[in-house]
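Read through the structures below before going on.
Each of the next two complexes has chain A plus one more chain, namely chain B in the first and chain C in the second.
Our next item is the complex of A and B:
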């Protein structure tokens, strides 16, 4: 197995063009485990950790552009204000060591339905910036990025450069069920983002279908139901209906981590609760909790 | 050949603490800083790496074996099958000898070893192993242990099985008691497969010796019992196999059975080169036995006042395909099947059976854990039926010193269970929920609640565990103690074959030597077979047994030292009992200080080797289950306070409180660690730890999906440690490692029941058991 170690973005793109079968390594918290257990035998590894361009984030025209190599620990420490949902999700990833290495870019590359970053990216209308040496940059909305179980819209010669997201203008929450209280893969997860300026609601479901997905009908229902004008109280019936619509958006399976029935139920509870927190924050003029 | 790099050497015990002090462990700092040398760190130049081909099927016939493709891989030095086993083809921990070194013509569980490869690189060995062509005729696995009880002849998975052991207990007249009972309650319970989940996977190094034998460096729990099994399989005499304990990363029973020892020995003998084998995490789940899963059916009757009249019990333990420790686990489940309660009429039928499910054997608590979940659940059920709270129903039926166990054995040492319950109940309760910190709520930082749906529950659990081996087994321990002056300072060298598995045994040994000999400096020799048998580091027995052996050997050395001083002192020193060792000096009552130990010793070396035996026990009667089968009995009681998110089925254990009677505290720091750790392991069984099996196949052989408690799952503990001495035991001590593993599980489940109102008859409790979907 060849080990490719470019230090610049241009070299990385060239290497990927040259060796489309090379498996990119960002933090390595997924890839290296699979290699250690011989679950994968790629012809080459393309180590992106030394690529400086991926290691930072920036604000461009009012939008955040977060490099694919920014680890979860920095998302928590530096981006909890503008991206509270993603920061909360990042806080639930693995252990401190994993959060120091693992990154949103790596999560996107793996495209696992259980990846913790996906639901808040969906709820926050993130856009994934990918690039190839041959065709340049493509901007893929998160909702169009996930194609199947561990399959994404990334072409073999493309690499993930960054994701783009607007700073939160309303409350965002992330909630994840696991069978222990830390260091656990999602049994299922849910993210919500309120976009009051557009009177819109974003959602994201994790471990609830072959891909992370939005609950579009739930979003539309809620956008029409919420009293955006006067920030009036949330009717309990509306919160419950929202939970039911989220549940209906899911297509979960039975597996060793949980049953389909439990996942569907838990999603409805998380949807109801996170909505309640978000709307109460909005009424109080706040944008949601930062990750602890 | 030279010793390998990272093999253990002599270790100076830190500090100056004697018995009762919280002396620090020599391995503690090394472990938390990542410097400790585990068996997986062993290295010697020129060594090969071994790998094991394991069965993917729970039950299949082997129709052909083609090792050609593996042998053709460059770097491969050997590919071995059952035909290459130099000696006996089977082994077994308790004399059953039913486990093939390598599968012969069929496999009986997923992961059963079939072939071995040695290669220059571990990856080469693993890839070559995968290339070995096995022709399989897949058979329908036997996976229902209760069906085996019903039809043991029809569902044999191997020559011995069906039923490995049926141990009945018959006391009094259950039918008459049932007719007389004012209250009768019944329950059926299930315990899933728990894994030891030690952090250091099975590893070791085999080095061919000049005499044609082999030197083994492995992480094990019982050197001499390993050797007894290894030598015949390697076709060697007992004296040709030598073993040194390598750094052990936890054991909990999972290293009692052999794993890679014979395999590495075969490869080393075959290639003439040192061979290292080190399992990865996934292989480790197939490399050792687990805790027996159990089905338990209980019926209790009592007077209207809640005094127990009878217990009618059936326990079915699934041992998997080979015997391992199933015979003794079944014996424990029977003899401790109704717990520490006085019950005049008892019928117990405990069965250990063979199936094609994962192999099961020893794990902390050893048969008593499964029964404890059931009998404690029954006590709560009975209390509710009698209108009594959980503490009162237990107190009314609690054993005490002089009580009779189900086996008829009298509890001769103090057993103040009722008092322990009263103390436990009186302990302060934890503060109310603080919803401002997610880490204190069910779900933790995964933020499933800000307090909504969270209900608090409180539950109690009681457990009784036998300490040391039972049923007539003479599990002796040996210690060699050598006293000499090194660099002007008297130094005690303590040498045993007892396995330090992380429990802190070597620290205790040094404390005992300091106390008995009055020296400051103690050095611990590596555990190996150059000294006699220490018995197993299991059954909470090493403080008692190897501690007892070190104490006895030290007493012999001290007597010799005093005799030496006496000879030097002339007539005054010959008065029996006139001389003692105190404060590093030999003192005569009549003549005062005769000199420091160093002065008395001079260049003399005093060495003594002593065996220590506990009081003999007897077998259980095969029909009535009566007998004085246990050496010592230990009690622990737990109170659990939990917060349950009743909408999501997520649990946060808020606090565990425990009262345990340990007879004598040898090292409070270590002891509290044992109680914390045992309680955490019980918490794991209550809420998350299970090897999930379907059709004989393990579905979660990884730490991604086999979950063990983290620091955010294990709460702070309140401990009340009692010291009611057992006059039979060294220093009056009572083994302490296992009892807390028993009682924390039922206490936590009872608390979750209290919060949810659900019956919860199976552990581990899963979120979907707690909600209606």
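Our next item is the complex of A and C:
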């Protein structure tokens, strides 16, 4: 095995082009588990820690551009205001030690259906910036990024540089079912984002299908149902119907963490609850609960 | 490969490190620092917790090569300094957090202790007077099979009180 340590983004892209079999490692919280247990023996590790720009974020033309290497701990501390849904999801990842090292870029690279960053990225219309030395930058909307269980649109010679997202203009919530409050892979999870200016709703489902996915029919139904004009109360029937449509968008399986039936039910409950919180915030004029 | 980094204040170089090796393995097996414990090698137990550039991490999930040029501080590096503050490895006195764990009876088999001490130390650096909920949250990634955690909470409260009194 080789250990590659490029210090610039250009060198990292060149290394990946030269050695498509090299496995990128950022926080190592997925990669090192596989190596420690001999589940994976890549020909080389490509350490991205020395590429400092990956650990930074910026506002460009009013949109956030967050480097792939920004760890969850910093998403929570620094981005809870503009990205409340992602910050809430970040708070549920692993433990403090895992959140100090694990990154959103690593979550995207792993592309697990249970990854907690995915539902808020989907609900918030995030776009993933990937790049290769040969073909340059590709901007991939989150909804087109996940292709299968632990499979993404990333090509073997590409690296993830950042994700882009607009700062929240309305409330965002993330909800996750697990067996305890720390260190749990989601049994299932759900994210909602209200985009009041466009009278749109975003959703994201986790651990509910082979890939993280949106509940498009539920989004469209709700966008037409909410009283955007006068911020009127949410009808119970609308909240319930929204939950049903979210459940219908899921294709869960039975596994050690839960049954398909349980997941489907839990998703409809989380959808209804998070919608209620979000709409109540919107009626009160708040843009969502910041990560405390 | 060769890896050079600062551990507990002194720069060290180790050779013949396997590229897939963890920082934990290098500390324990190549540097003679067995304080950090290896219990799960998958980030679940926290017994291998160390500071990496001032931030706590599970050293079992840091590739050794990722420590190159960086600063690592282990439980050995939290021993007591001359003024009762934290000192450097080799000092025989216990640091204030270590002392509190002994006094509060927070150590039984001791396997989880080094990781808990590093993580508790980091909490108290950040939040000198943590509420119980904050202590629980900070230590949520450190498993103990012996104590039932109550005495660990006592130890952190005690260390916080001592620290406040000393300042």
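Definition applied: the second predicted complex is superposed on the first by the 291 of 292 C-alpha atoms of A that agree within 3 Å, B and C clash if a C-alpha of one lies under 4 Å from a C-alpha of the other, contacts with A are read in each partner's own complex, and residues count from 1 in each chain.
Assume contacts are C-beta pairs under 8 Å (C-beta built on N, C-alpha and C of every residue); 3 or more make two chains touch, one makes a residue touch a chain.
This structure is a prediction, so every number in the text was calculated from the model and none was measured.
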Clash or fit (per the criteria above) of chain B with chain C on chain A: clash
Residue contacts with chain A in the superposition, chain B compared against chain C: B
First, second, both or neither for A:269, with chain B first and chain C second: first
First (chain B), second (chain C), both or neither touched by A:185: first
Partner chain(s) touched by A:277 [first = chain B, second = chain C, both, neither]: first
Partner chain(s) touched by A:175 [first = chain B, second = chain C, both, neither]: first
Partner chain in contact with A:36 - chain B first, chain C second, else both or neither: both
Contacts of A:97 with chain B and chain C, given as first, second, both or neither: second
First (chain B), second (chain C), both or neither touched by A:256: first
Residues of chain A that lie at the interface with chain B and also at the interface with chain C: 36-37, 181-183
Complex contact set, residues of chain A against chain B: 36-38, 88, 91-92, 173-185, 187, 189, 256-259, 261-262, 264-266, 269-270, 273, 276-277, 289, 291-292
Chain C residues within the chain A interface of the complex: 1, 18-20, 22, 41-44, 46, 49, 55-58, 60-63, 65-66, 68, 119, 137-138, 140-142
Chain A residues touching chain C - in the complex, by the definition given at the top: 1-3, 5, 25, 27-29, 31-33, 35-37, 41, 44-45, 47, 49, 73, 94-98, 100-101, 181-183
Chain A-facing residues of chain B, complex: 126-127, 280, 282, 437-439, 442-450, 452-453, 647-650, 652, 687-688, 692, 699-700, 704-705, 707, 709-713, 766-768, 771-773
